[in-house]
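Letters are used for the chains, namely A, B, C and D, taken in the order the chains are written, and counting of residues starts over at 1 for each.
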Amino acid sequence: MIALFVTFFSAAVLLFLGLNKRESSYSLFAALALFVSAGLSWACSANLVSFHGLESWVPANMMQFGKEQHLFAALLAFIVGFILLMFRKNEVIGNDQLGLMMFSLCGAYMMVSYQHLVMLFLGIEVLSIPLFVLAGANKSNLASNEASLKYFLMGAFSTGIFLLGTAFIYGGTGSLELEMMGIKPSFMHAMQGMPLPVLINAGIVLMSVGLLFKVAAAPFHFWAPDVYEGSPNRTTLYMATVVKIAAFVAFYRFLSTFGGIADAWKGWMSVLGAITILWGNLAALNQASVKRTLAFSSIAHAGYLVMFLLMADGTNTWILWFYGLAYAMASLLVFSIANQVSFQGERGFAAFDGLSKKSPVAAIALAVGVLSMAGIPVSAGFNAKFYLFSFAWQHMPWLVGVGLLGSAISVGYYFKFFKHAFMNQPSNDNPVVDRGWLMLLGGLILLLGALPWAVLNVIY
Amino acid sequence: MLTLMIFLPLLGFLVNGIFGKFLPKAISGWLGTAAVLGSFVIALMSFMDLTGDTTIPERIYTKLFTFLHVGNFHVDFAFQFDRLSAVMTLIITGIGTLIHLYSIAYMHEDEGFYKFFAYLNLFIFNMLVLVLGSNYLMLFFGWEGVGLCSYLLIGFWYKNADYGKAARKAFVMNRIGDLGLLLGLFLIYDTYGSFEYQEVFRSVFAGSVESNAVNTAIALLLFIGAMGKSAQIPLYTWLPDAMAGPTPVSALIHAATMVTAGIYLVIRSEAIYALSPLAREVVMWIGLATSLMAALIGLKQNDIKKVLAYSTVSQLGLMFIALGCGAYTAALFHVITHAFFKALLFLGSGSVIHGMHHEQDIRHMGGLRKKMPITYLTFLIGTLAITGFPFLSGFFSKDEILVSAFAHNKLVFGLALIGAGITGFYMFRMFFVTFHGTYRNTHHSFDKVHESPWLMTLPLLVLAVLSVIGGVVNLPHYLGEGISGILHHTLNYDGGGKFSPILIYPEHAPEIEHTTEWLLLGMAVSVFVIAFLHTRNKYVVQGAVPEADSAQTGMGKVLANKFYVDEAYDTAFVSSLEAAGEVVGNYVDDKAVKGLVDGVGSGSNGISRLLSKIQNGNIEYYLVYMVIGVALLLAFNLF
Amino acid sequence: MLQNLPIPFLVLSFLTILSALYVVTSKNPVHSVLALIFTFFTISAHYVLLNAQFLAVVNLIVYAGAIMVLFLFVLMLLNLSKESEPVKSNWWGIAAAISAGSLLLIITAAFQVSGEAVAKNPVEGIGLVKALGKVLFTRFVVPFELTGILFLAAMVGAVLLGKREKAVDALISKEESNG
Amino acid sequence: MSILSVFNQVEISHYIYLSTVLFSIGLFGVLFRRNAIILLMCIELMLNAVNLLFTAFSSYMGDADGQIFVFFIMVVAAAEAAVGLAILVLVYRNTRKTDVSFLDQLKG
């Protein structure tokens, strides 16, 4: 809750400073505010500080503020802070865009801590509506326009489906609160082997479709590559990380409620996960554009995380937290470098040509990021995948097999980054700035790769 | 100490990687060498401690930190130094030191000198993690790490145009292997509840699993991993391609150390393989097929390094035959001797390439023995060792494998013997064509060919000596009980009455009559002699030069060759072999295996293109797909 | 089954579906808008039947009053009031009908099979402003406040997109001169 | 007809059918039409179908939460419509088109 307050009010302050003032110091201020939010949230989770007065204002059946919620809020604020920080120089954006991104983050906070479907719905919308705008923020760029309209139309459509599911769930369980839903009679009967009411069953499917759309899982992922490609890099990165993590947490909370009737949704969910993994990885193989490749890779990552949903029992959110952290840091590295070397409009991998000669530090950071995405030890990404797979193995061994196959395929396209960065001759002289931050992120990835448990013990 | 041993090379990597740019070449080279040498010395001392002092437990164990601990899920970041790890460590650091030394001279012109040493040190570090880790997860870390370093080092000379494809192939193929390995690891954890070797093997030994099918599945999955790393059918094609890298890398990674990781994995998991005869049979037959096929392909290669690469694949196959027969000592023994003579041969070929100013085609060489006496001599020793000249190291180790194969299955023995015989043909062919006859290169005059500097010849000499006497580590019993079977005793150490962690089910020497054994020896030696005489006759006495690739297609040409050769028996035998080599090389290797591998690649590319077509950019289609998805989900779920 | 239903419900439902169909099939966008407004009226009438008087009023004010006026405004602004939309090919219509129809069929069939009902427990006066207001400003006060963020974001976003920039204008004038 | 009598004469399932039919009509419109504005209107129609269903459930169960939810859906729909129309105007300004089938620059 404190994160929401700090984020919202600093966004409001930014807007008061002037709607369309473009100075990189504003980005710095916003990033600072986000780091403060992250720090305070983390401190809350570690019981170093307490904002009980603030939180007791929120009825317990609306939002929950436990350790995990604080940690996820901290993670999301941390990621967005870094996004603003890393992108502040290449293309200075106005306060309106900064503010929108921070409002959107507020929606993500709601999604990670909701206890009532109204909060979930509002969270999704607060997250999405600024994003529709941000996707089209490059107003004179037709691709950006197209991305915005596509995202908006499909997003609104999926909201409709999501809401129909919510209505069914409401009718079936008689409540919109997560805790109340689980104790309604119709639900209890289903747990004891009676047939599951159609309302609940269809409701779960339809709500899941809405959430699967947000996380970009097949076959509801079609918007993702196009929108990712057309949006400004900053927004793409935001969508690939924050939206995905927040939606998965929301999904996890939702499904844990229905953990008792897991048989009703585990089957098709795991099939969708497998399709997503294969689809994302296979489609990424042939992409010429860097952003599209990363978009499909992020779809594949969503597929891996579907495994995580299958073990939704409320005890293993730390896996998602760690996975999200690892994935976000790697994405940050790769996107940020891609943004810097290709801002002249080069979309293909040629932008990376000869990076190792232009800037060895950036090339090594890129390598670390890509290896982490591909899940090769010793990197944070490997550990994240390892945790995920080894826990999922007990629930769905075959899906883990598909996941491993997918990550074997993924090497095929992650390899392109190496080839261009290390083997080709430079074809442009776009400078790479912010090497200090790149090194810091790369170092963090390696640290999380080498000593994950020590770090997790300190933070989590 | 153990920690220091492992982290010295990492230190070398860090120093060279970070400050290498500012250091003079000599310092960064010697620094890298010293780091590995330090590890070697420590390893030697630890090994003495371990074997000499009975008060020390059967392994030295160091836990660095907890890697993961959730509920009952516990993995440590820990190392163990037992007799098996010790042998591997000594090979890695010992030969590693020599190759580092060699590289100082070999790479002296290269601009990325310090990077090269940094990568080499990193490789050694990862290899040590692989063999010294105390659980399967550590092994996997090292496994991935060496793959990565191998990739970096193959790519070291990235001016080579083919390189991109080769490195990518190596990477992807290894990932397929890793896929199997990882699945095997998960299955191990699922079955035995731990990754720690000790705990897993204890549970295996206690028979905690009812069904042996699980063990078979684990064993086969692990073997898929081993196939990728140790270049067995069908995942072997990356190894010859990997010869694009610098020669010391080929010697270190693609001959002596990394490719034997698969052997190590199988020996390490002996407890699991012991319970699964089916898996062992698979290992044996795959090893046999690889051994024969690679040997046949080797007959027709003209690139000096490619010949050695196929020879390596073939020898690795031989080791897997031994593993399949349950002769773990024999396999490890061959790992050791093979490390000696194959490193020697690679370094020797490197010396030749260096002296010939980067010429690798043996058809453009010839008569080099006059210009490069030390290289010639050591190369001769290496060739003799690999082909099984009596009482050199290769003779003993190969013989031991053949004997255990004989005891296991006569057919396997016969085929393996043929494979070993073919080794003689292609090795002597290469040797004679390179060093005897007349000089045939038109680009560089013969005067410019020179012997290599002492930094390169010294490792050659050391390795030559080792190739000669390497057999002492496991002499056969007929030479006297007192001095024989050192390795066998090391590996089958009974832990002083305690539980032995290396081989849970001790091996028994194959029970064979003495006369049979001598007969087998005789057969091996006579195959050697035939190969030697035939090739010498053809390439030295007659001065034949291998034809250009284009002239070699078609069986008629091969048949026509009959007329040039005198000894009728030899001819029939050899030309049919060569024909077989051609068939295998052209059809099985090119069409079948590469076709399979490429087929998988192009298949996934095809799917990829199809998926791209589905993503046609029109939102109307997307919406329809979504609705169909929803409808299907609902239909599936509600009815 | 239908004959047992009360007449007002049947008539209203019939009108709702009919006007909704007209919304999606009308070639003229303005007619669609008007039909949609009519649909909203019928839905409001349903709300009255269902004892949700507050929602009935809000539905008219927000949807028919505000949102649809916005639509009309945009239609007029973009000058799309004439029948400008190219007709889609028949098979596309069939595909759309099949997809949507199968969804409808699946859901209704599922309910038909299970025939489940929700516990009937109507409470008098639940849909009045007084009752709803109490709930909204006690239990739902947090989401109510948080809609503030939503509107602020929507407002800032709409301004951001709607504001003309020099670059955009230049682009358009260039295109127009080309075209 | 007294207001409450509708609960006795109409089963909740009829409201479910009615809403589902309305929803499907909206969905069909989204799939069938190409003009972005009409698409948006069809989405509004879908949302209204959901609203009706919520209200029905809420009234039948005597639980106010459902009606509050409808209130929030309306709020969000308004915000969404505002942003959506702004996007549409932006696209129209740049392309002079509101037909979604022409949006196929991004693909592959």
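Here is the rule we use: a contact is a pair of C-beta atoms (placed from the backbone, for glycine too) under 8 Å apart; a residue touches a chain by one contact, two chains touch by 3 or more.
On a predicted model such as this, the values are computed, not experimentally measured, just so you know.
Interface comparison, A-C versus A-D: the higher count of C-beta contacts falls to A-D.
Once CA atoms are averaged chain by chain and compared with the all-protein CA average, the nearest chain turns out to be A. Averaging C-alpha coordinates per chain places the centre of chain A 30 Å away from that of chain C.
If each chain is reduced to the centroid of its CA atoms, chain A and chain D end up 27 Å from each other. Annotation: 69 Å between the Cα-based centres of chain B and chain C. Look at where the CA atoms of chain B average out and do the same for chain D: the two points lie 65 Å apart.
In chain B, the positions touching at least two other chains are 612, 615, 617, 619-620, 623-624, 627-628, 630, 634, 638.
Under the contact definition stated at the top, the residues of chain A that touch 2 or more other chains are 118, 122, 125, 129, 132-133, 136, 139-140, 150, 153, 157, 171, 174, 198, 201-202, 225-226, 287. In chain D, the positions touching at least two other chains are 12, 16, 23, 26-27, 30-31, 34, 40, 57-58, 61, 63, 65, 68, 72, 76, 79-80, 83, 86-88, 90, 94, 100, 103, 105-108.
Contacts between chains leave no pair untouched here, as each chain touches all the others. Residues of chain D that touch chain A in their complex: 12, 16, 19, 23, 26-27, 30, 36, 39-40, 43, 46-47, 49-50, 53-54, 57-58, 61, 63, 65-66, 68-69, 72-73, 76, 79-80, 83-84, 86-88, 90-91, 94-95, 100, 103, 105-108. Per the touch definition, chain A reaches chain B in the complex via residues 150, 153-154, 157-158, 161, 198, 201-202, 205-206, 209, 213, 219-220, 222-223, 225-226, 264-265, 268, 279, 282-287, 318, 371, 376-378, 382-383, 386-387, 389-391, 393-394, 397, 400-401, 404-405, 407-409, 411-412, 415, 419, 422-423, 451-454. Residues of chain B that touch chain D in their complex: 612, 615-620, 623-624, 627. Contact residues on chain C toward chain D in their complex (touch as defined above): 4-6, 8-9, 13, 16-17, 20-21, 23-24, 29, 32-33, 36, 39-40, 43, 46-52, 54-55, 58-59, 62-63, 66-67, 70-71, 74-75, 77-78, 80, 84-86, 88, 92-93, 95-97, 99-101, 103-104, 107-108, 111, 115-124, 126-127, 131-132, 135-136, 140, 143, 147, 150-151, 153-155, 157-158, 161-162, 168, 171-172. Residues of chain A touching chain D in their complex: 117-118, 121-122, 125, 129, 132-133, 136, 139-140, 142-143, 145-150, 152-153, 156-157, 159-160, 163-164, 166-168, 170-171, 174-176, 225-227, 229-230, 287-289, 292.
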